[in-house]
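Chain naming follows the written order as A, B, C, D, E, F, G and H, and within any one chain the residues start at number 1.
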Amino acid sequence: MQTTQKNRVAVLLGSEHDAPLVEGAFTVLQELDIPFEAHILSAHRSNEAAIRFAEKAAEEGYAVLIAAAGKAAHLAGVLASRSLLPVIGIPLSASLGGMDALLSTVQMPNGYPVATVAIDGAANAALLAAQILALGDENLSFRIQERRKAMAEKVAQADERFHRSFTPNR
Amino acid sequence: MQTTQKNRVAVLLGSEHDAPLVEGAFTVLQELDIPFEAHILSAHRSNEAAIRFAEKAAEEGYAVLIAAAGKAAHLAGVLASRSLLPVIGIPLSASLGGMDALLSTVQMPNGYPVATVAIDGAANAALLAAQILALGDENLSFRIQERRKAMAEKVAQADERFHRSFTPNR
Amino acid sequence: MQTTQKNRVAVLLGSEHDAPLVEGAFTVLQELDIPFEAHILSAHRSNEAAIRFAEKAAEEGYAVLIAAAGKAAHLAGVLASRSLLPVIGIPLSASLGGMDALLSTVQMPNGYPVATVAIDGAANAALLAAQILALGDENLSFRIQERRKAMAEKVAQADERFHRSFTPNR
Amino acid sequence: MQTTQKNRVAVLLGSEHDAPLVEGAFTVLQELDIPFEAHILSAHRSNEAAIRFAEKAAEEGYAVLIAAAGKAAHLAGVLASRSLLPVIGIPLSASLGGMDALLSTVQMPNGYPVATVAIDGAANAALLAAQILALGDENLSFRIQERRKAMAEKVAQADERFHRSFTPNR
Amino acid sequence: MQTTQKNRVAVLLGSEHDAPLVEGAFTVLQELDIPFEAHILSAHRSNEAAIRFAEKAAEEGYAVLIAAAGKAAHLAGVLASRSLLPVIGIPLSASLGGMDALLSTVQMPNGYPVATVAIDGAANAALLAAQILALGDENLSFRIQERRKAMAEKVAQADERFHRSFTPNR
Amino acid sequence: MQTTQKNRVAVLLGSEHDAPLVEGAFTVLQELDIPFEAHILSAHRSNEAAIRFAEKAAEEGYAVLIAAAGKAAHLAGVLASRSLLPVIGIPLSASLGGMDALLSTVQMPNGYPVATVAIDGAANAALLAAQILALGDENLSFRIQERRKAMAEKVAQADERFHRSFTPNR
Amino acid sequence: MQTTQKNRVAVLLGSEHDAPLVEGAFTVLQELDIPFEAHILSAHRSNEAAIRFAEKAAEEGYAVLIAAAGKAAHLAGVLASRSLLPVIGIPLSASLGGMDALLSTVQMPNGYPVATVAIDGAANAALLAAQILALGDENLSFRIQERRKAMAEKVAQADERFHRSFTPNR
Amino acid sequence: MQTTQKNRVAVLLGSEHDAPLVEGAFTVLQELDIPFEAHILSAHRSNEAAIRFAEKAAEEGYAVLIAAAGKAAHLAGVLASRSLLPVIGIPLSASLGGMDALLSTVQMPNGYPVATVAIDGAANAALLAAQILALGDENLSFRIQERRKAMAEKVAQADERFHRSFTPNR
């Protein structure tokens, strides 16, 4: 996992229309300087291509696969059944508030887990991928740590700002 | 669709444990004298076999595919993405009362419908298959009609029995 | 099922207001060159007309009935109880995200299946009807196949476009 | 509504198997001395009989119709669409805790209300029928009042018993 | 129930803000020429007034009480516990799509039914009240019948319009 | 709040049948030596008594009211609308897994909060009452603290036991 | 609890973006003249700060802690596990209509109650805090009482206005 | 990640009572020869210990943390907020079919993902951990592959058995 080659993440979308919902993943991966590629692959409309991608993913240097899909979201499951790489599923809120996609993604049968994140939780999917890659990459681990600190710092600043301006009766 | 060859139904189960939940389908198919075969095929544990089955189903003479699965039920979806035959999905109540299987089965994306029946509705899946086959088979159509009449007759008898014995104050 | 006469689909709506939600079905049926007719028939406001339609549907040459309704969607059930033709139900998202219509459509009792598609899944209802009709119509089967190929092709093109433009760090 | 003739309630069940779930209605109707009859009538398996019953119900002297059904419970809706009498629906907990039957019963479209009571709430359905009949029957009104008093009395006695025996530290 | 005095309906709202959601009830009651009055009464903010209203409702000539409320909708229950008149509950969709109001209204305990109609189903609540009042008022019964016919006529016209203009390939 | 008089909690149940579900509250109150009384009071079957209790609760020395009820659980709301004391609601799992009771208890309108605890969370209701009372009672505060320590100690012991016996490959 | 020092409420938010959803709490606390402070504290992004706050809250004079958070809302739980003060949880409707936040807030395990109010029920959270504080503060109790009276008065005025203008046929 | 030291998994339970629900994880980890330890750590009853564990987990050689909890399941979230290691969450079906635990586990806010598996999906949690560890351990990767093959083989055998014995009419 030490070679840059292997530290790659694939972000796979069921449809081009879902791209805006997944931008958070791209931002996080770029911030953390993690090489990735993105593809449109449909569990049903391009099932063959999805399987081909999953089966070659490991040897092409991917370490983690992220799949985003809505409704009866099967894409993550297809990848999970055809690759040994950890698969992260992002349920999208295309209908029923995303409850259908959540259940279709997370309720996988014995033997084929999908690491499911929150509905529309693209940024977290990327972070989870980063945390997995960081197990073999101390520099990345350090970058995630720094990102967390910055986030905590922002919360502290927001707290100060908020405490001052919104607390009415001091 | 007139040859016996083509009038065959496939009943596919995600797991051997689900067999008791699907018995209703076998009973109906036998009652209506519809040739069928049953297989254990898992969307994830034997994805390759499931795809192979789907792709050859038409030329092997199957006309309708019935798939029963629980939780994140993807089996019907796999078949639908790899065959032009009508696919009927039976969501099984393995968890959450079957709500997860229902949504995973019915909420299919554009282009790949699954004809979903009730949770644990195996008998209805077989009847739906029969109604589809009956479009090209008048004898079968007649048998379904007779079955319906018998059912209505039973309801009428139950009504009489019930009306007499349960109605207290006549 | 070979005569044009018989290859007809009926698309039935509970209310004129639902027409926009069902347009996807018309588009697909036209694309696939399947003769169809559309009617406003309400399970409750015009129950008699709905039953009359269902009972004459087969002899008038219809092969598949599609019913779209929201809330306590009973239209598909009415048709299913009065015709032997396969009935496809489209639950519409008029309230509760369509969960009420989905359950009212799919949870049919033993003996009277409704082939339920996704909430607001009008296009898929039409495709399911097409797949059923295609069992006895090789030309239609070919047209569906071509449509699928075109769809897969579009996904492949979308993938290329997306892979190039959205993948940031190549 | 003053003649005994008219003060009749019909309790209609979708299936003989549901009889135990509806016993509470019989008990209440007998306690309140309200003439009633009970029938097995299925929205789908005996749709014709159900419609015939609904259409003649008023002239046969029924004033209120109670319908109990589970899953995609359409029986109350069928009656409501074919009779002007108030229709009370009891959703039965045959699946999904009765949520499917509740939504199929209560979410009726404009023009055709079903007075829905609690899931498995047979006793309350009978009471609601009684309260409706009592609008034109002072004696019945008095009997309901007495029943309520007895009930409140029982709660008061239960309170005393409970307060004494379960309150530990007095 | 024959005197005009007694044929009155009360439409009670938990809050002035809910008035637009309940307009359908006013329209129906006016169309059917049923005398009614409307009040803002809160189960919690004016519990005393609500109880006072319920306890005097019968002697003030009301025959049916309609209560509309959202969220943890208790208003119908308050009225039901303090009056023998039939109480109709309209769950309003103030949050969770109205699921909270539906369950708070319909799941009443033994002894105190609330006749629940659809979420935001104000028009149906008024119609249900009308059907109850019509048990003792043949003229009203006739007016409801006429209204139904007009509605069926409208559906038939909509069907014609739709069938002509939306059916593409005739 | 310092006098024993005032430190009293009332535990109110909608029905005697619910007593076993509420035992956890009695145990906690006894462990923490908090004087309490228990009553059967129904929001609907004994609405008057419930209101009388609520209105006198403060002057009778109660400081916190706990109400447990299932289905369309209105008891806590009744108390909240008639007393200024904090009211704690325990939703009971009588139907739908307790979801109906939870929503009926927690979704209170503006002005009348009910402090809702988990479904069947009787012990926690008692603890919440204790924490409220402890604001004016340092000894009670100390007892709660000790109870927490004992609980943490038990978890630590369970951990040791578990870690030794269940961890297989050390 | 008599000193002003102790009568303080803390309103804690998981994120600055949630501030508008919580304004109702500030308004109520100001109306009732209850000293309070507000902070941004995240259960996860600033877990340490949240714990530090909870552990010092009692000695810094806080009597009640209010925590508002959406999605997998853990903030109230963090505070409850680290302080003996009563913790009030406001589930925010950031996704799934707030159902996720409601369940994450209310379904606390034995030993650590969170007093949960309605989804987005900020005003009620403040009122609940006020009712708790009022147990030891008669003046506050009086102010809450006055506020309630004013509210009831407003309902009465709304009723008059509504009754006059919206009741059509008087 | 190559040293045995680092390849360790921690399986953490909120309560000793949950042990039977998590056995599937132990079985899988033993089958795949992955060193692991198991602990009882409660998000609330032993929050300090949970945090201490999380903060030292990386340096003690853990690579993946698995947390199983029911109801308002916060344990995985606590670990995620205090460690950079990937955290896998198993929602347990203690109430509401596990829907509360699922939402409390999966709907994590931005910055702190929890890799959620199916309700009661302990075996899959272990497999997901294994797949993550296998990124840096070819032998483990091979063992997972073999396990999958064995599983597919079992499905094939079940299929044969089932096809022979359950297919009635060959």
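The rule we apply is simple: a residue touches a chain if its C-beta (ideal position, glycine included) is under 8 Å from a C-beta of that chain, and two chains touch if they have at least 3 such contacts.
Remember, predicted model here, so these are calculated numbers, not experimental data.
Asks: Spelling it out: a chain qualifies if it touches subunit B and also touches subunit G; which chains qualify?
Replies: Where subunit B and subunit G share a partner, that partner set is A, H.
Asks: Matching over half of the contact pairs by residue number, can you pick out the copy of the E-G interface from D-E, B-H or C-D?
Replies: Comparing residue numbers across D-E, B-H or C-D, the repeat of E-G turns out to be B-H.
Asks: Provide the C-alpha centroid distance between subunit A and subunit E, rounded to the nearest whole angstrom.
Replies: Here the centre of subunit E sits 49 Å away from the centre of subunit A.
Asks: Starting from the mean Cα coordinates of subunit G and subunit H, work out the distance between those two points in Å.
Replies: 36
Asks: So what's the Cα centroid distance for subunit A and subunit F, whole Å?
Replies: Distance between chain centres: 41 Å.
Asks: Could you say which residues in subunit A touch two or more other chains, in rising order?
Replies: Within subunit A, the residues that touch at least two other chains are 15, 42, 45, 71-72, 95-97, 99, 106-109, 111-112, 118-119, 148, 151.
Asks: Throw together a list of every chain pair that touches.
Replies: A-B, A-C, A-G, A-H, B-C, B-D, B-H, C-D, C-E, D-E, D-F, E-F, E-G, F-G, F-H, G-H
Asks: With touch defined as at the start, can you tell me which subunit H residues reach subunit G in the complex?
Replies: Residues of subunit H touching subunit G: 14-15, 42-45, 47, 51, 70-72, 74, 77-78, 80-82, 95-96, 99-100, 103-109, 111-112.
Asks: Would you mind writing out the residues of subunit H in touch with subunit A in their complex?
Replies: These residues of subunit H touch subunit A: 1, 6, 24, 63, 84-86, 88, 102, 106-119, 121, 123-125, 127-128, 131-132, 134-136, 141, 144-145, 148, 151.
Asks: For subunit H, which residues are in contact with subunit B within the complex?
Replies: My answer: residues 93, 97-99, 118-120, 148, 151-152, 155-156, 158-159, 161-163, 166-170.
Asks: For subunit C, which residues count as touching subunit E in their complex?
Replies: Interface residues on subunit C, with respect to subunit E: 13, 15-16, 19, 26, 30, 35-42, 45-46, 49, 71-72, 95-97.
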